Every structure is written in C-alpha cells, then in structure tokens.
C-alpha cells in the first residue's frame, strides 16, 4: 500500500505547484504594473501626473498629466450609470416582481446571454448607427462624443446590472413579502417599502459592478468616445478615457520610454480604481448575505 | 464479560482547538455485538465513534491523545494508513448520503476504489450486498437509476449496503435514523439485528428505546465523559450512576 | 383608489424599463444581423481577404480567433482547475487562502486592457515571444484564469461535504475521492464556467491589441510565433484603418455577425447548461 501513499503525495504536489504557478501569474500582474508604471512618478511626480491637466505625451517636451483622461473616464462612466441603473434595476424589478414564472424563465437567460455580447460589437454599433444619428440630431461636427460612449457603455452594462440585481432580489425571503401583504399593503407598497430596502445592498453591489465594468471597458470607448485628451466640458464633445488612451497609444509608445511607463501608470490607476470598486462590492454583498441569513 | 474484544478505546482525550470534547474515555467493543452509545446532544458520542475510523482527522485543529485498537493493533500507529482502517471499519452517517450516481455504482464504488476490476465479481457482489441490506426486492429493476431518486429510508439502507460491499468488519452507525420516519427506522433496526451475526456494530443514538431494542451493550455519555457502560438490560433496569438513571427516566436530555 | 393608481403607474414604468432594454439590445442584434447577412456567403466564410481588405472573405480571421481561443483554453483550463482543486480540497484553511480567494474574485473584474499590458510587458517583451499567437493566447488565458478558478471553486464548494465523507469512510483516498466523486459531481458547474470563459476570450479585443493581432497578414498563420488576424480586432481595424471605409464597413458587419453568432452560441450553451442544473437541483 506504499504505492498508494506515494501516489497521493504526488497528486498533492502537482496541485500545489499548479495552483501556485497560476497565483504567480495573477500576482505578476500587480508586480508588472508597479514595476513598469512607477518610473514615471520619479520623472513627473506623483501629483503632477495624477492632477496635471495636459496630456501631450508625444510633444517636445512631453506633458504627462492624466487628469483629462481620468475625467473622461468619470464622465462616460457617470453617463453610463444614468442609462444602466434605471434600465437594469427596472428590468430586474420587473422580472422578479411582475413577470410570471414562465416569462421570467424565458427572459432571464436571454438577458444573461445579452451580457456576453463582445464589447467590440457594441463599439461597432456605436460607430455605424449611433454616431450618424447623434451628429444629425444635435447638429454636431462629429458624433463621436462622451454622450455616445455613455449610451453605448450604459446599454452594455445593463444586462450585467440586471442579472446581479435580479439575483439579489430573488434572495429576499418570501416571508418578508407575505408579512407585508398580511397587513394590507399592495404589491407596489410591498415592493418599494419591503423588497427594495431588503435587497438594497444587493442592488448597490450590482450597480458598483456595473460601474466597474463601464470604467474598465476599452473597445467601446476607444471606438466611439472621440479620443480628444482635453478636460471634458459637455457631453456633446469628444473625450479620451483612460482605457482608450492606453489602447490607442501603446502601439506607438517606444518600449521603456516615458510614454510607455506613463501608460502603465494609467493602467495601475485603473487597476486600483476597479480593485477598490470590487472590494466595496464584495463587502456590501457579504453584509447583504449575512443580513438575510444566507451563508457568506 | 464473555466476548472477544474487537475494538478498544484506551484513555481517549480529544480536543477541538482548546475545547475538550472527550475526557479520558475507556471502552471495549465486543465482536458480533451491538454497542449503543447514548447521551444528550453534544455529549461527544458522535465525536467518539468517528475516532474508530479516523474520520476526525479530516477536521482541522483537532488533537487526540490515548489509543484505539482494532484486534489489538493501534489504528493510529504511523505505519497504518487511514484508508486501510476505514476499509475495515465502515460508517453510516446521520443523513443518508448516497453519491449522485446510479444505485449500482454506489455499491460498486467501494469495490472499485479498492482496485477490483472484475465486472462479474462486482455485479455478483452488488446483488449479494443489496440482498443482505434487504433492499434488493425494492431496487432490482432500477439499478441503473440515480440513487437520489430513492426514499430516505431506502437511501439509508443503500448506504449500509455500500458499507457491506467493502467487507468491513465493524460498522459504525452515527444516528442512522435521525432523519427517517418510524417505518423506515423499524426496517433499519431489523437490519442491524440481522447484521450483527457477521459484523461488529456500534450505534450512536439519542433515542433510548432504539438503544434498548437493538443493543447488547450500552454506554452513557455526558459532557465528554463515559459515565457508565454495561449490558443494555443492566443499564436500563439497574443503572449504577444517578445521572444515568436521570437520563434514562427522561429527567433531562 | 389612490394607492392602486400609484401601483399601476409604477408597474408600467418597470414594464417600460424591460421593454426599453430588450428593444435597444434587440436593435443592435437586428442591425448587425440584417446588414451582416448581406455580405455573408460561402465565399466570405472560406476565402482569404483580397484587394487590400476590400474584397474576398475572412477565413484566416476566423481561424485566427479559433487558434487564440483554443490556445487560451489549453493554458487556462488545466491551470485554473488545478488551482481551484488546490484551494478547495488541499489548501489549509487559513487567512492567507481567504485573501487569495478574494484577490482571484477581484482579478475577474480587472479591465481587460490591463491584462493586455501585462501580456505586452511579460510575453511579448520580457520572454521575447513577440507579437504572436503564443503571446495572445497566454494573455487571453490569464484573463480567463480568474473566471475559471472562481467558477470551478463555486462548483466544488457546492459538492456536499457528506458525500466526501462517505467516500473516505469506504476506504477511498483523498485523490480517489476527488477524481471519482467530487469532480464528476462538480463537472456541470465547472463546464458552465469554462464555456462562459471561452465566449469571453473569443470576444475580447483589448488583450490581443498589442500581443497578437495584425490588421493584415497574408494567408493562414504558420506557427505559434506568427502574428494573427482575429475577428474582434479585425472589426476594430476595419473601422479605423485602411482606405476604403465603405467597403470595409460592409466587411466589418459580416465579421460582427460572425463574432456575435460565435459568442452567443457558446454562451448560450453555458447558460442552457446552468439553467438545467438549476432546475435539476430545484
């Protein structure tokens, strides 16, 4: 039986080694971002990099201030939230509260499926359909604007928000609703005063994850946001969010140069932002589960 | 006591972290007899029988002192593998836990993991153990169906059969009827009485009537200590310890 | 009654939300489907591009996407599954493991362009694989890794502890229990996660932007060290480069339809599987 014992040991070792090598890659991402991103802070200075208002990486001398890019990201994300929160959460409420069992069994998978449409397809749609439409409607020099990016990103995040919010709503125990009906509340009152408060943190998790998806999205904003690295003043003008800057400029940035490091530093900022969002979402959803008595 | 000792617990102390769950327990398990362990919930009786097939090793942060012997051999000695002990000492759990496989595969599983590949032998063995577990008549036409489709009582008998197939010497029952209805419970009890001809049986229960009906020996546990151990009829008719008497007459527990 | 009027208005608004959602998303699919169908033909699917990407088909592009996705899965599935098995079955339960678990969940939400930069720095430059199928596959694989790990972990954790105990109590060893009981039981869940990540990898653009993709490459890729055309990047490139925007736009519609079909088909299988599991478990 010694053979069996050795076999057990070998398997355990194989799994340990494979697990740690995959963790090695994942930790590697953070290390690489820090290693390639931080040199720019030495040259430009951390605060000047973060809050500088001029992004002219190819000028002589270059300017590496990413505030316009950060604001670009914030604008399109905020715009996307305005689109995807009502649509996503509204749809989730409809699916969970109003739709019958069969309607829900049918619609929920469809919405989940829509969440998997690749971003480049959204970007393409934005370019060929939404852009000319906006240009004509608002009589603009170009339809590639923050508004366009917001609409497309919002639409793109809607299925994600809807799916997660609907999951949260379905965790609300039936007894909560029954208690409310028992004191004479109608379905709308039950929904607004019992179900939504109970699922509130679950719904906010959905919104945060939707935001996280919107701020990190690359292809759509690269294709439809217009790409002007200026501090945005109107939704009808072009912007250049952080992800678009990285994707558009990395091809031309010479390896190891300041521009290269600056783009990695932007990725680092982006990474930290989404990391914080995800941690917040995780904490809220953990509390939510505890509140409803579900296992963490 | 006129019987052969099959298993023996010697000065067992057991800890979950810093909490002591068992305090200096000595107990003999006799061959071809049914030994019942009774006591209120949390008294350590389940923890105790899980030591006999080394199942507590799977729980992190536990510590055992004292020795457990099977046929005079120390089961925790470093040259003995847990898998070998578990093959000799089978276990039936509180809740029926069939594998999500067919009825046939559930029984064949134990044979297959022990390296048996001969199909005819496996088939023969499955039929034989199902008959032994008094389940054959109910399932003979649906051996290929999922075991999860059986009723709770049938599932529990399947779990017993699964145990019999690996030819264990001792079967540990950890409250086997806790989740079953009275009729299924009756069938399991009959089965236990039948099985003791060939096996040594230890059963944990907090149903005292059950202990009285099926067992030859009874041990009473309270707060991690073995208060009293003896022939079942003595324990139930003339308990020596006041606490045993109080428990049996239903004053607590 | 007043409160019923509020209810009717409220319900109507919610109904409007889902209709709007389905309408807008439906519009996207409608446009891409109708315009894409105009260009898709047998030739389009099986021929290489001609005349500076303005005529001919997109076969090498489709093949490129398949290579990249396949490469990513060859790398990520065994590694991700092994990692999940280690974390669920072998690793000691400690704070460190918990932190690892949380970081993996978080990495699933890291922007894909960040993975692209990692691939550029490590595979293209540091390991000197160059812009190639290998670099792109590895980058996509790392993107898929956290998705596969967390889906597999979830599936493994859903396997009841009681049947593991049952297996061990019959004298099975740990590995035998994992191989014969835990993995088969968790398989549908693991499969769902893997298939979803295939869909994700196939549709991603940002990670291959600087690691694998070329706008134009003659013929089919010859080795894992050659650059490759891929559907998602091709759509982007057709819209932003080249000299014949109108002809390129038509081809981009075709590519979008193929990509959309591919991704929706793959994800559809996964969602169908998941739906079936849900109804099976009640």
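Order of writing sets the labels: A, B and C. Residues in every chain begin at 1.
Basically, contacts are C-beta pairs under 8 Å (C-beta built on N, C-alpha and C of every residue); 3 or more make two chains touch, one makes a residue touch a chain.
In this text the structure is predicted, and so the values were computed from the model without any measurement.
The chain with its C-alpha centre at the largest distance from the centre of subunit C is B. Compared on C-beta pairs in contact, A-B and B-C come out with B-C as the pair having more.
For the pair subunit A and subunit C, the distance between mean C-alpha positions equals 16 Å.
Once the centre of each chain is set as its mean CA position, subunit A and subunit B turn out to be 53 Å apart.
Averaging C-alpha coordinates per chain places the centre of subunit B 48 Å away from that of subunit C. Subunit B has residues 83-84 in contact with two or more other chains. Looking at subunit C, one finds that residues 173 touch two or more other chains. In subunit A, 4 are the positions where the chain touches two or more neighbouring chains simultaneously. On subunit C, the positions that touch subunit B within their shared complex are 92-93, 160, 162-163, 165-173, 176, 180-181, 184-185. The residues of subunit A lying in touch with subunit C in their complex are 4, 7-8, 11-12, 14-16, 18-19, 21-23, 25-26, 28-29, 32-33, 36, 86-91, 93-95, 97-98, 105, 107, 109-114, 116-125, 127-129, 155, 158-159, 162, 186-189, 191-192, 209, 212-213, 215-219, 222-223, 243, 246-247, 250-251, 255, 263-264, 267, 270-271, 274-275, 277-279, 282. Those residues of subunit C lying in contact with subunit A across their complex are 3-4, 6-7, 10-11, 13-18, 20-22, 24-25, 27-28, 31-32, 78-80, 82-83, 85-87, 89-91, 100, 102-107, 109-118, 120-122, 125, 142, 145-146, 149, 173-175, 196, 199-200, 202-206, 209-210, 232-233, 235-236, 239-240, 249, 252-253, 256, 259-260, 263-264, 267-268, 271-272, 275. Those residues of subunit B that touch subunit C in the complex are listed here as 53, 55, 58, 60, 82-84, 86-87, 90-91, 93, 95, 97-101, 109-110, 112-114, 159, 162-163, 166. Subunit A makes touch with subunit B in their complex at residues 1, 4-5.
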